[in-house]
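Chain lettering (A, B, C, D, E and F) follows the sequence in which the chains are written, and residue indices restart at 1 in each chain.
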Amino acid sequence: MSTILPPQNPEDNKRIKAIFEDIRATRGSNFINNLWRYLAFDINLLETTWRDVKTIMARPSNLDPMTKELIYTAVSIANSCEYCIHSHTAAARSKGMNDAQYAEFLAIVSLAGRTNHLLNGIKVPIDPEFKHENKA
Amino acid sequence: MSTILPPQNPEDNKRIKAIFEDIRATRGSNFINNLWRYLAFDINLLETTWRDVKTIMARPSNLDPMTKELIYTAVSIANSCEYCIHSHTAAARSKGMNDAQYAEFLAIVSLAGRTNHLLNGIKVPIDPEFKHENKA
Amino acid sequence: MSTILPPQNPEDNKRIKAIFEDIRATRGSNFINNLWRYLAFDINLLETTWRDVKTIMARPSNLDPMTKELIYTAVSIANSCEYCIHSHTAAARSKGMNDAQYAEFLAIVSLAGRTNHLLNGIKVPIDPEFKHENKA
Amino acid sequence: MSTILPPQNPEDNKRIKAIFEDIRATRGSNFINNLWRYLAFDINLLETTWRDVKTIMARPSNLDPMTKELIYTAVSIANSCEYCIHSHTAAARSKGMNDAQYAEFLAIVSLAGRTNHLLNGIKVPIDPEFKHENKA
Amino acid sequence: MSTILPPQNPEDNKRIKAIFEDIRATRGSNFINNLWRYLAFDINLLETTWRDVKTIMARPSNLDPMTKELIYTAVSIANSCEYCIHSHTAAARSKGMNDAQYAEFLAIVSLAGRTNHLLNGIKVPIDPEFKHENKA
Amino acid sequence: MSTILPPQNPEDNKRIKAIFEDIRATRGSNFINNLWRYLAFDINLLETTWRDVKTIMARPSNLDPMTKELIYTAVSIANSCEYCIHSHTAAARSKGMNDAQYAEFLAIVSLAGRTNHLLNGIKVPIDPEFKHENKA
């Protein structure tokens, strides 16, 4: 159950059609996932969200594509966003993640969950050695 | 302010000393950060936590060391664990992360924060195309 | 799947019946949503929860009813409470929210999600100019 | 303690200077808060973040300015982002929020925190009456 | 830095004085912690919050007092509420928690953090055997 | 929908079979819940997770078994982990929790959710009286 209804024939609207075509061209795929079909209920929300995703995820980068998807999935797990977990786990796989890497990823994410709770419970003081300014 | 007091001379205890020496050997550094100094208030908690961190973060892996630290930091940001953010951002730097990569990392983490909230608000249905089982 | 079973004929119990009638009278509607039907498994939990919701959401207020529902929904999205998201998004609509306002609301909530992650990642120091005491 | 160092004389850089001037003009104030001073460590991150904040928070809108800040603050509280809480509580005050409104806002945010936990604990099934599609 | 100023002489106000006296009598201590001193900026917020805390934490109960504080602290750690972590860890100690119990508590909380992330990542289907209805 | 496929006949693998038998022996039950069936996709992840759960939840302890499950469930609710909520609520029941205790547990968890949001919103300064060091 969703809080909005996606428009029935979104590409009858020229601005929506232009964005959907940009999504297809950027990704080299005809598939438009539900995120974009639902956001089409408001053209501004669709445009600004796609602009951001395209800028950050599809541009030339100093991080490799699979790493970027793993970072995205890690945040989505911690925030309990079911849609994002599925879409970015699938994206990581499509960018080369194998089962052994996924198992390691899950081990790191859950270890972080463990020590995050441990340290938030104890409130260990931060070591001055971690300070970036000291090393510049 | 912390909820526990770290023991004054932890390495007077043989089991603690053995763990601290293993930390130093594993990391190739004399530095023992506060996490371990505070956990030393309970030897079981210290041992099981270090065992896990060593197993997952220091073993031969299919993910490169910087990527592992970025995943760890991403979860820690989403969970708002200040100590973990500082220690693992510092670790990512020590494993090669430069400022451009850090800026990209932050852009991805905050984009995930954005779409996590957007999709949790709308509850967009999950595309069957994301299903792993369909592709095996 | 829920962790409790709602009682079958809750209004056979006089105290439950009185609360359900107060809910109907306060809201001017015969509809009793599942939250109250499930909480009826424990009369104290039902009474204290309804007392709070009534006091805070139904009293004369310095905030307009739609704004109150938007604040409620914003917190529920950040906490990933699916029931609360649906019930309070519906309540905001019943208090006048149109699609354009909902789209703006989602844009703000997701922008907050973005900068929350960005600033929790960097730990930017708080400007003294934000201090309320300085302005009194 | 922050994970990055803000540049010393950011406005020596023409692109940064242009953004800072746009912030001043948009807000009608000479004050540049630390968020922007720190983000200036990476010009792309600064530009894309400001573009979003300006588009969403400063444009003509169907929600009044104080309501927008309350929504922003509500999410920031739930995400435990200390900087965002202070900056947007201060912004809500500068847009007219008085102490009585702030107390009501806090009552709603904390009531949401209460029922979010209650309903996430019980997993009450969502009433079909909340479905938007049923009402269109 | 706080978002509000506590009133200077709160007990000059009769309603505030009555609540502070009830806090002292209920707890058998003269100490009024900052939570109540700050909430006194709004008498309604103070009254409704204290009413709830008193009802739930101080009434005769089927759970022992230390267990109640451990549950409270566990939630506060997961929500990263620094004040609540300190106040309820201290309360658990005052109700008998020793260091060994605290270490076990931290081990459980952090194990939960670990498996919460693991299961939210994988989205393991819920076993029908967990269903309460099946066992009644 | 899950992100991985559980192996079809997991106990054909000797290491998996040994772990499943240890789970059965430790719990005195033939039932292996889905968590373990899914984790079996990666033998290391299965082994390290079970080792931790067994060590922490099944060892002789200074906290009673029901209390341990309540702490686990409290964290799981705050983190919105649906599987964990169901499995540990069921475990608390199997260790003796009755409906009145469950209602009280929910009242405490949701009260914590309430004051966590209230105090994270106001950022009340922490009383020095809470400091453990002052009392040792």
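Please note the rule applied: contacts are C-beta pairs under 8 Å (C-beta built on N, C-alpha and C of every residue); 3 or more make two chains touch, one makes a residue touch a chain.
Keep in mind that what you see is a predicted model, and the values were worked out from it rather than measured.
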Between the pairs B-C and C-F, the one where more C-beta pairs touch: B-C
Rotation, 0 to 180 degrees and nearest 5, that superposes subunit E on copy subunit F via CA atoms: 180
Separation of mean Cα positions, subunit E and subunit B [Å, integer]: 27
Computed distance of Cα centres, subunit E from subunit C, in Å: 20
Centre distance in Å when subunit D and subunit F are each reduced to the mean of their C-alpha atoms: 34
Residues of subunit E engaged with two or more neighbouring chains: 1-4, 45, 48-49, 52, 56, 75, 77-82, 85-86, 89, 100, 106-107, 109-118, 120-123, 126, 130, 132
Residues of subunit B that touch subunit C when the two form their complex: 73, 77-78, 80, 82, 85-86, 89, 106, 109-118, 120-123
Subunit C residues touching subunit D - in the complex, by the definition given at the top: 1-4, 31, 33-35, 38-39, 45, 49, 52-53, 56-57, 61-63, 67-68, 70-72, 74-84, 86-90, 93, 98, 100-101, 104-105, 107-109, 111-127, 129-130, 132, 135
Subunit D residues touching subunit B - in the complex, by the definition given at the top: 1, 3-4, 41-42, 44-45, 48-49, 75, 79-81
List of subunit F residues in touch with subunit C within their complex: 80, 85-86, 89, 99-100, 102-103, 106-107, 110, 117
Subunit B partner contacts - residues on subunit F that touch it in the complex: 1-5, 48, 52, 55-56, 126, 130-133, 136
